[in-house]
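Next come two complexes built around subunit A: one with subunit B, the other with subunit C.
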Partner chain A sequence: MTPRAATEQTFLERFFARNRGPLLVSPAILVLVLMNIFPLLWSFGLSFYNYRANRMKEPVFIWFDNYAKVLSDPVVWSRFQTTAVFVAISVLLQLLVGFLLALMFEKRFPGRRVLLMLVLTPMMLSFVAVGAFFRYYYEPTFGLLSQAVKAITGEPFIVLQTPVGAIGAIIFADVWMWSPFVMLLVLAGLVSVPKHLYEAAEIDRASWWRRFRTITFPYIRGLLLLAVLFRTIETFKLFDAVFLITEGGPGTSTETIGVYVYRVAFQYFRTGESAALGYILLFAVVVLTNLYLFFVQRRAKEV
Partner chain B sequence: MSHWTKLRATALAGTLAVSLGGAFGGPAAAEDVTINMAAPDWPPTRIMQDLANKEYKAKSGNNVKVVLDFIPWPDYYTRLAASLTSGEKKYNMAVSDSQWLGAFVEGGYYRKINDIIEKDPELQAIFKDLHPNLVAAYSTYPHKSENFYGFPQMPDVLVTYYRKDLFCNEEEQKAFQEKMGYKLPCTPEEMNEVDWKMWEDFGKFFRRAKGDKLAGETLNDDFYGIAYQAGKGYDFSSMQINGFIWQYGGNIWDETQAPKGQALGVVNSDIAVKAFEHYLSLLQYSPPVAKTGTMDIFKTDELFREGKLAAHIEWIGFAETTISKENSKVADKTGFAKMPGLKGADGKLSRWSNIGGQPFVLTTWTEGAALNEAVEFVKWWLSTPVQTKFAQAGGQSGLKSVFDSADYASYRPWNHAFGPSLDWQKDVWHIPEFFELLVQQQEEFDKAITGQQNAKQALDNIAAFQDKTLREAGHIQD
Partner chain C sequence: MIFRRKREIGKAGLGRTAFATVISLIYFFPVLWIILTAFKSYADALAIPPKFIFEPTLENFYSVFSRSYSAGAEAVDTGFDLFFFNSIFIAGASVLLALIIGTVAAYGFSRHPLKGNDTYMFIILTTRMLPPIIVIIPIFLMFRVTGFAGTYHGMILLYSAFNLPFTIWMMKSFFDELPREVEDAARMDGSSEWRIFFKICLPQVKAGIAATAVFGLILTWNEYLFSLLLGGRDVRTIPVAMAQTIGGDIGVRWGLLAAIETLFLIPVVLVTFLLQNQFLRGVTFGTIKR
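This part shows the complex of A and B:
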């Protein structure tokens, strides 16, 4: 080996030794840049252009016109309102059901493990499978729900006929699928509560409510907030269940902002406008995330 | 080198040159050419793939493989649009709904084929043999212009599917005669003359509850008389409603009249409102799913195959599955006839319907051997012998020489209704704004179907939206 080769090898060895960490994460960063950051920046650029992906015309730079158009469009606000209804009711119910399930599974009982697996199954299914399942579940001619109601009333049950029924049906599907996720987080909090605290509370003859408020809740509060954050962001982007179960109907009563973005981008091909709408959606999600972080930090200071 | 040695060397070199020439300088070697085609997943395209695999041999001697990428219908537009606009240039050809021509021609994805037709007498003969309504619908953009973009892959029309075992049952015939005062149609010839009033009577007559008798048997579930598409997705109500509007003498916005043709006053004319009200009134005799706005073409097909319906109106493309014993409970009980018409004061039927089916198109980046072979494949597909085989296997042919032949009606039980139906087919808009118009129209129709507004409100909203959108796009100017 020549002295020069020896020096090079030493240099390479030194380089790998010094940069092992960055080198190990660089493939992941490369994928992130190519698949997430670049498209994100590209679409942000598109949001300032009058551009349709299905036309030959050159994109025209129009500053904030797309944002102004989207924000002044009553259809967009109507879709945001529909989304807000879904978020408010669905997340609340997911928290409630998830919390009750967690309380149930905190205790040991025969068959707990099997039941836990069954309860967790919905969140492991694909969105399309769940959507297709519920479409048949609600179908008034063959559907299980309609057949069950018909056995009692003699009339088919057409839950998707009215806007209220259709919204309720989608919320039920969403709650069925995602309550187990909330349950998992809450359960993790519940099992982390030191048992001696409950024993001390029992000696003090503290009521169930007082034990819950002063011992259990402080331990699960952070995880509950995390569940709220995740589920709010996900429900805000609700698309699959709506598209598969009602296609946004009856009329437009269940059309969420996620479905509307899809229509603007891939059916109307108003590409620039859909990019602007996508960024407004992202902005809303970022605001929600920051609200969460604000609450978490405030809690940390209190502790 | 001796003279003899020189001669031997020259002879050897010559032999070598001739050998090499034979190997490299003779007729061109066969090329491997793959034609990738996007296709909706349903029987007509499956049959095409089957025939191509079994029988297609390129005349050029190249090893040509036609590979169809089968995409489920509900995702088809999105997947095709995503592929075309992403620039991946995956497909050389695509089976395309005719309404997408405008959007994808303007985007620069679909190739104009006038030059190909002009220099090919065989293609010119094929186009002369095609029914003119198919050429107008499947090939032209702007609609009914001389600019050609598509070759008909498979034409399709809406026809009546009906339960022969019920309509021809003696007890049912007798009961219907007593209740309605006229004979219940049974043969395809009788069913071909059905109007919407009779269709309504079928709806009333065949509605039975669980426990009632139907053709001598006790029902274990509710049974319904009639159905047609009334779904919010894609065009799953417009295709039927347009037929009603045209039969009444109304119109949709007519792009061939642009820029003078109007939407306001046409789309929401009194006649159009009356036609739409008629369409809505018949939904009460359909299964309850009609009230949800999700009774699309797949749902009525499913209900009919499950034996829940006496009759429905459906594209012919679904017929092969209906008569398949593996997929249908009514495989050997189904008859086919023309879609009902509207009976006028003179007793004649007004017959108009929205055309179905698809052309296939060439993409603009397909060049050289791939382009030549794609055109050769189209010519093979649209040749009379192959179209005859396609029809015999359950497809439809738009060639007059095939669908007018004496044997055509014998290939499949619905074929008798196909040829005559082509004369009264019209198409919906081909303009690039097609999807915006369609989505809004479907939403408004859906609100009326689910009882959130009446026919007039729906058509007024549609007319106002179309007027605004079409003016912005420059299609209406006055």
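This part shows the complex of A and C:
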């Protein structure tokens, strides 16, 4: 810029030119601070108070008592265990099913695009809708799945009655919904494998397993890891599906930590305690998100 | 060996099509069955064994909007027309708002990075990943004090903030992909920054804006927890109304439930087909491009 041009600029123009970055992002930051950051800080404050949102009583500052109470509560630990079971089994099955689906769609064939969209549909649907129709399929007398099982075994199939059955039923719905997510990531990895490697392997007459282990797997490894992390974060927060299919029952056998926090906050109205528990969850999610972005960036450098 | 054509790598034939069609249809079956059930009469929906062939009827779709709550009583308005309007209006307005603010911010993050740009982007993603309950409690209290609970402007503000992190990450990933040579050349020619943004960058990310909008609309359309806790009857959206219907008066009127779900799902299934090339980016919030 010539010195003459600089003098012709008004003060405002110079201000805009110097602060272009901050000015562009400020409206977004403003909304996020108002609707996310400020509530987060408020929650953090609440977690140190004995406070119930449905009472008029003044909040009492109690230091770390909420955290101590939550962390020493056996109920909380059992909810964490339930959640861990859901995360472990569900993510593992999603990986398996997603991987098999990806292998099916790996090569090009007529009609591939349309069929791919059919398989991708479930994850675009709402948890409420998925929960509602699986509830309908599990219904003991008229449910489609119950009738199918009854036709095979001859026994009435009341899957939501037992803890194991209820956990399985929710995992089944969750895996159905989210396996396509894993499939998408694996497919992205499969597409990135250079074709000439396969040609070389064909000349060497390498076995399918050897080809997979030495050529394919290194290319999808990074994406598989990202899939696991992403799905772990999301399954960790599992709420809607449980809430709609079993409402946490029978008993409390399917009550995940997500459902439990909801109950503490909006059914028992132990607001301070729920904020403390929320912050413990937040910590776990922040660690996992950090890890996820670390691997995203590492992969971006490799590609 | 002469007769065996060399198989082309990366291509499979019609055999694969047949196999994949069967598997895909089984996979899609739960959705298909709901749509079929929506067209069944009360008796057909409860038939044992399930009926695959039946006389289709539209009575369920009428009952979604107006039905009698007890035998013999006069049919009354269920309010679902309002709930559909709410869902469309709130999703549309909040996605539009998030898109305007978010695209500008994404352009800023991409082209005029701040100090600690990555940290900002990380915090923005975290606000999306965190367990929603933790921000809902204070927002619940905020809305109670300001009277925003159960109002359109409250819900639109809420969902704009809900969509914003996603929009910023998506749009930044699109801006990052644009070649900078064109912009630099335009700058050399003396184009103003406004011109560069509106005439050079925005037209190139048109497809990205469309994909982001569609994803945002689906995410907002599907959202349940915020609407359940912070909405009221006047601004109730379909997911909440649907969940209440299931828990309430509907009993075993599966056809009716299926009709509500069909009306709710069809838009999503249709627009899903528009997303083909941006699917991966969309479901990973723009963190993975391909």
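List of remarks:
By our rule, the second predicted complex is superposed on the first by the 270 of 303 C-alpha atoms of A that agree within 3 Å, B and C clash if a C-alpha of one lies under 4 Å from a C-alpha of the other, contacts with A are read in each partner's own complex, and residues count from 1 in each chain.
Simple rule for what comes next: a residue touches a chain if its C-beta (ideal position, glycine included) is under 8 Å from a C-beta of that chain, and two chains touch if they have at least 3 such contacts.
Keep in mind the model is a prediction, meaning the values are calculated, not measured.
With both structures placed on the common chain, the touch criterion links A:T246 to subunit B but leaves subunit C unconnected. Shared-chain residue A:F266: touches subunit B and subunit C both. With both structures placed on the common chain, the touch criterion links A:A53 to subunit B and to subunit C.
Looking at the superposed arrangement, the partner reaching more residues of subunit A, out of subunit B and subunit C, is C.
By the touch criterion defined above, A:P156 reaches subunit B but does not reach subunit C. Applying the stated contact rule after C-alpha superposition, one finds that A:F80 touches neither subunit B nor subunit C. Of the two partner chains placed by the overlay, only subunit C lies in contact with A:Y137; subunit B stays clear of it. Contacts of subunit A with subunit B, set against its contacts with subunit C after fitting on chain A, overlap at residues 53, 135, 139, 141-142, 266. Of all the residues in subunit A, the ones that touch subunit C in their complex are 17, 20-25, 27-29, 31-32, 34-40, 42-43, 46, 53, 101, 104-105, 107-113, 115-129, 132-137, 139, 141-142, 144, 147, 151, 176, 181, 184-185, 188, 191-192, 195, 198-199, 202, 223, 226, 230, 233, 237, 239-240, 244, 258, 261-262, 265-266, 271, 274-275, 278-279, 281-282, 285-286, 288-290, 292-293, 296, 299. Only residues 53-56, 135, 138-142, 146, 156, 158, 160-163, 166, 246-253, 263, 266-269 of subunit A touch subunit B when the two sit together in their complex.
Residues of subunit B touching subunit A in their complex: 77-78, 81-82, 84-85, 103-104, 106-109, 222, 231-233, 287-289, 291-294, 303, 306, 308, 432, 435-436, 439, 443-444, 446-447, 449-453. Residues of subunit C touching subunit A in their complex: 9-14, 16-17, 19-21, 23-25, 27-28, 30-31, 33-34, 45-46, 48-50, 101-102, 104-105, 107-109, 112-114, 120, 122-127, 129-142, 157-158, 160-161, 164-165, 168, 193, 218, 221-225, 229, 239, 242-243, 246, 252, 254, 257-258, 261, 264-265, 268-269, 272-273, 276, 279-280, 283-284, 287-288, 290.
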